[in-house]
Amino acid sequence: MVVVMGTDATSEQVDAVVARVVDSGGDAFVSRGVSRTIIGLVGDVDQFHTLDLRGMPGVTDVVRISAPYKLVSRQHHAQMTTVFVGDARVPIGPDTFTLAAGPCAVETPEQTLEAAHMARAAGATLLRGGAYKPRTSPYAFQGLGEAGLRILADVRLETGLPIVTEVVDAHDVELVASYADMLQIGTRNAQNFALLQAAGEVGKPVLLKRGMTATIEEWLMAAEYIAQRGNLDIVLCERGIRTFESATRNTLDISAVPVAHDLSHLPVMVDPSHSGGRRDLVVPLSKAAIAVGADGLLVDVHPHPEAALVDGPQALVNGDLRALAQAVRQLPPLFGRRPADEA
Amino acid sequence: MVVVMGTDATSEQVDAVVARVVDSGGDAFVSRGVSRTIIGLVGDVDQFHTLDLRGMPGVTDVVRISAPYKLVSRQHHAQMTTVFVGDARVPIGPDTFTLAAGPCAVETPEQTLEAAHMARAAGATLLRGGAYKPRTSPYAFQGLGEAGLRILADVRLETGLPIVTEVVDAHDVELVASYADMLQIGTRNAQNFALLQAAGEVGKPVLLKRGMTATIEEWLMAAEYIAQRGNLDIVLCERGIRTFESATRNTLDISAVPVAHDLSHLPVMVDPSHSGGRRDLVVPLSKAAIAVGADGLLVDVHPHPEAALVDGPQALVNGDLRALAQAVRQLPPLFGRRPADEA
Amino acid sequence: MVVVMGTDATSEQVDAVVARVVDSGGDAFVSRGVSRTIIGLVGDVDQFHTLDLRGMPGVTDVVRISAPYKLVSRQHHAQMTTVFVGDARVPIGPDTFTLAAGPCAVETPEQTLEAAHMARAAGATLLRGGAYKPRTSPYAFQGLGEAGLRILADVRLETGLPIVTEVVDAHDVELVASYADMLQIGTRNAQNFALLQAAGEVGKPVLLKRGMTATIEEWLMAAEYIAQRGNLDIVLCERGIRTFESATRNTLDISAVPVAHDLSHLPVMVDPSHSGGRRDLVVPLSKAAIAVGADGLLVDVHPHPEAALVDGPQALVNGDLRALAQAVRQLPPLFGRRPADEA
Amino acid sequence: MVVVMGTDATSEQVDAVVARVVDSGGDAFVSRGVSRTIIGLVGDVDQFHTLDLRGMPGVTDVVRISAPYKLVSRQHHAQMTTVFVGDARVPIGPDTFTLAAGPCAVETPEQTLEAAHMARAAGATLLRGGAYKPRTSPYAFQGLGEAGLRILADVRLETGLPIVTEVVDAHDVELVASYADMLQIGTRNAQNFALLQAAGEVGKPVLLKRGMTATIEEWLMAAEYIAQRGNLDIVLCERGIRTFESATRNTLDISAVPVAHDLSHLPVMVDPSHSGGRRDLVVPLSKAAIAVGADGLLVDVHPHPEAALVDGPQALVNGDLRALAQAVRQLPPLFGRRPADEA
């Protein structure tokens, strides 16, 4: 059950609805969007019907929804969401095209700064980089941890680029959020519900990658876990699914972009680097992502891919990076969007 | 083992090579390309080495190749192939963007003609339409057979559009080829080797759909079956693969386009209609296909989709069709190609 | 629509029903089972309702069924089918456990005879062996063709074992059936509808392998294509499906056995050789197949696997073969079945 | 790099190795098995080579291994592991067959006690039941949490059955371990590395379910994360993988049992309830699991499946449960194992 507040509802009116629900034994989760606030109710629906919520001040509608996700659905939120990241308020949404680029893993201050300069030169307005790396093998490099976060913060100071970085454990969320402008939740944690809930409570935008074997519905349900804790600043990121095809690391599900846009008001980005796992596919897949209607890209760049500790074979450098830069400047206007670095 | 003939090799020189191979107990398959002829050898490789083929007149090179496909590979055929269809010699290749459109199944002369007019208005230069329909259920409509081929031929006469139509049985190949300008081999026959071989012998271009569960390598090997019988006029068509995702009928493997272009000199088209199985996805997926570098599209249109006997829910009509027409006229030039109907 | 004839219906009564349906413009396919005859109707259902088929002599019931398969369904045929193969009438059905074994490909008379002796020693009552091999690569060994069929016939004469052998082209069905006791349709032809129909018309039992990417429903529909042409002597064979797991060649879908038994009256065998693609898995998977309720096994054996032209790594020999022999003798009685060679 | 200690190595000798590694800047993880202790090293391999570890007292071997998993591999640990659970020291290993049964979710004390009695009557020697339920939807019942753990502890007191229960968050591990005899890690957390590491440190055996889309190698790597933190008391549990087949909830990968046994010394159980998701498949799949060589089963039972809050359609009751009881008593001895409740 969802309570839709009016566009001019006050905080007091929202609080009053929450109080009435909680007093009756239910739980209420407030999701403040740009244009309106939605309150998701969890508990005994029949009990809620006795509360006369529809009659309370500021309430526009009370909806009993059977769809498995509610807060992230377009059903009651037709207008597409724009998420703003960092002090620079970099927009990700329907009018713009946003490039987030950077090294897969933060290794050294020099490598990170150099990658950031490369990213900005390519049109990036967000810096991506991992300090915590979830790795299939316990013997693989797991990231620098907080030291990596400090490097990212220094590079932000130097370049002005807001930071997108991954968090892999619910109990690191506050720490990571104290450095990051946007939290990334990776494909292996797509059903780590404790992490999703923690990310929903910390007050920073979240970039939610699709589980490599998640259906689009499961992906939206994962987003619902975040939204339910009061955070609607969520950007979905398609990054390839696991199939029988082995020519590519994963199979980019390009259809997921229009399908997710049809079902949800959240922005959708595409990660062409992890989808293909091959440098030579990044530019063609980026062009396809722009053409299909994605709201942005998440791309690996590295000054010295041959020495990268993680995912070097897919990181862009030199010529490929210039081709990407050209694509993200020239193509988005043809599809009704401001280019990446004018976003 | 493959014998590469020089660009000015004569038929007699080719025949001489074939004769020497056959006399030694092997098989030789001649593939005449636009610029040169290649002869694939099957049999005892050690025996072939004793034949001194390299010393024969007209022979440029003799190559022992370990790749599972040879004739369709770019390894010995770096230049991309352009396939020409019909008397109108409609090109499908690297410089153009070609739209083949029409009804999934030929039902009546009126429906087919009307669909053909719609197709041409949208920029199509080829008419697609099925007279033989392979259907999962034996109780489903299986197509009109030769009566459908006659309808297609009549509509070609009326509209000038060359015909692409499916053949499902090796022993129908000659009949279908007597009507069609291009034979289509469907996803369920991707490893029907008898059919592939028959299609390779009949002298018409072939549109080879990817098996819904074929790897890219298996798809190229299927093409190799056709090529080995002397026909290199093959166009690959990506049409979605089977995955766990059920929001779409299949998962369009958009990466397959650049991957196939990297491995093979054959043109690659995309079928956005069967990939998604949803009308609302056809235009966005078509745009993605153009942007990623496909050489053309295969699209279902139907004058009355609600009454279509096969696959109505994905057929374009009216507004969607106009959006498609706009995309195939405006976008290809931005990616270095002549638009669909100027091809 | 299906017409169910009484157990004592005469041929004339069946013919009369067929005639009335055909006169009305429809098609009728007669399936004679052990206990009763069923007539499948294809055409205009409303038209059929006007024919008063239910009132005709010998007719027990006329059923309009919405399930996609009818003749192979248990809905109107609750009793499980036993299929009998060859002059020896080797049974495959609910009371027995049947082992079909032999070389993947027929290579020489000696190899085939030796493999047949190995098979019989292991408890096999059917000899499997391929004369026509569908191969992913056109450069791989494709089988001996009719020469291979003659070898199989000679070995049958020598050993008394009925022959199961694959047919890959609709137009070879008569030829293959003139040698074989049971036709095998392989995984790559699971939706080669022309082949399925031809196999349904030739009057020999059919072993129908599941498509490596076919759902159980699609597999039963493929069987329906055979049944619809009048042949209910069909044995289903689970042989592994394509998944992301690469430790095995395919993933044996062991659940498919009870699921298919629940939906269909047809016997279900398991091919542990092609499922796993590894010799060391054949015996454990065979035991699992017996325990889960399969009606038989299809196993590769080869006297000299290291020299096999096709699929040597999975062929049993020596110790493994003795372990298989022990399993197929000792286990079936524990699950209510007569062992393989007492079947 | 792995240091293999002799069977009579003392704790002091182990500590000395660890100290030398740590002093050199590396990390060392001690895994004490039944027969011997193994120390996994993480860090600079070249540096480790300078430490002369092989010359230290108690050290048998120092091995540089390239396999992605080491501690759980059979390469250096040929003998199969038996894991003992609870004060009753219930064995799970190569000589026994162990049944863990109980309700999918703990709902009430009565339901849990009743299910425990059913489980024990069926031959179970371990009680399974979830207090923390990871659910795809945030609106679904998420389990009773610590209240559920208390119910399980009460039922253990009443029935004597050790408890297997799931933990979903790294920071709940200590709490759950304070109640449970064995920690279960579920399919959605198969790559939640923080949780795996925490479970490796708490000193209780771990039941590690395969990720629904994990390869066998990834599953063993997940086990390696647990082992690396010093816990080799790990039981693998195959529970079905995600495929295109929709007749079953997941596809039980029965081959994974012998494949995992071939690669790893850890016991392997099978969960036939979540694999099939259908009550009628539980008994046949259980029989297949016993026959293929599994070390035990994990089965859902519920006194009133129709009222179950989670997964009622697959819970056993009455007749099916008696059939299961019969199978787990009669079949294991035929495959060289003591039956479930004599284990």
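A, B, C and D are the chain letters, set down in written order, and residue numbers restart from 1 in every chain.
Here is the rule we go by: a residue touches a chain if its C-beta (ideal position, glycine included) is under 8 Å from a C-beta of that chain, and two chains touch if they have at least 3 such contacts.
Remember, it's a predicted structure, so these values are computed and weren't measured experimentally.
K.L.:
So if I look at the partners of subunit B and the partners of subunit D, which chains show up in both lists?
P.N.:
Chains that touch both subunit B and subunit D, as defined above, are A, C.
K.L.:
With centres defined by CA atoms only, which chain is the most remote from subunit D?
P.N.:
B
K.L.:
Between A-C and A-B, which chain pair is linked by more C-beta pairs in contact?
P.N.:
A-B
K.L.:
Using the average of all C-alpha atoms in each chain as its centre, how far is it in Å between subunit A and subunit D?
P.N.:
One centre to the other, that is 34 Å.
K.L.:
Just how far, in Å, is the C-alpha centre of subunit C from the one of subunit A?
P.N.:
51
K.L.:
Please compute the C-alpha centroid of subunit A, do the same for subunit B, then give the distance between them in whole Å.
P.N.:
39
K.L.:
Which residues does subunit D have that touch at least 2 chains other than itself?
P.N.:
213, 242-244
K.L.:
Across the complex, what residues on subunit C touch subunit D?
P.N.:
Subunit C residues touching subunit D: 213, 215-217, 241, 243-248, 251-259, 262, 275-276, 280-281, 284-285, 287-293, 330-331, 334-335.
K.L.:
Tell me, which parts of subunit B touch subunit C in their complex?
P.N.:
Interface residues on the subunit B side: 42, 68-70, 134-139, 168-171, 188-189, 191-194, 212-213, 218, 221, 224-225, 228, 242.
K.L.:
Which of the residues in subunit D end up touching subunit B in this complex?
P.N.:
Interface residues on the subunit D side: 242-244.
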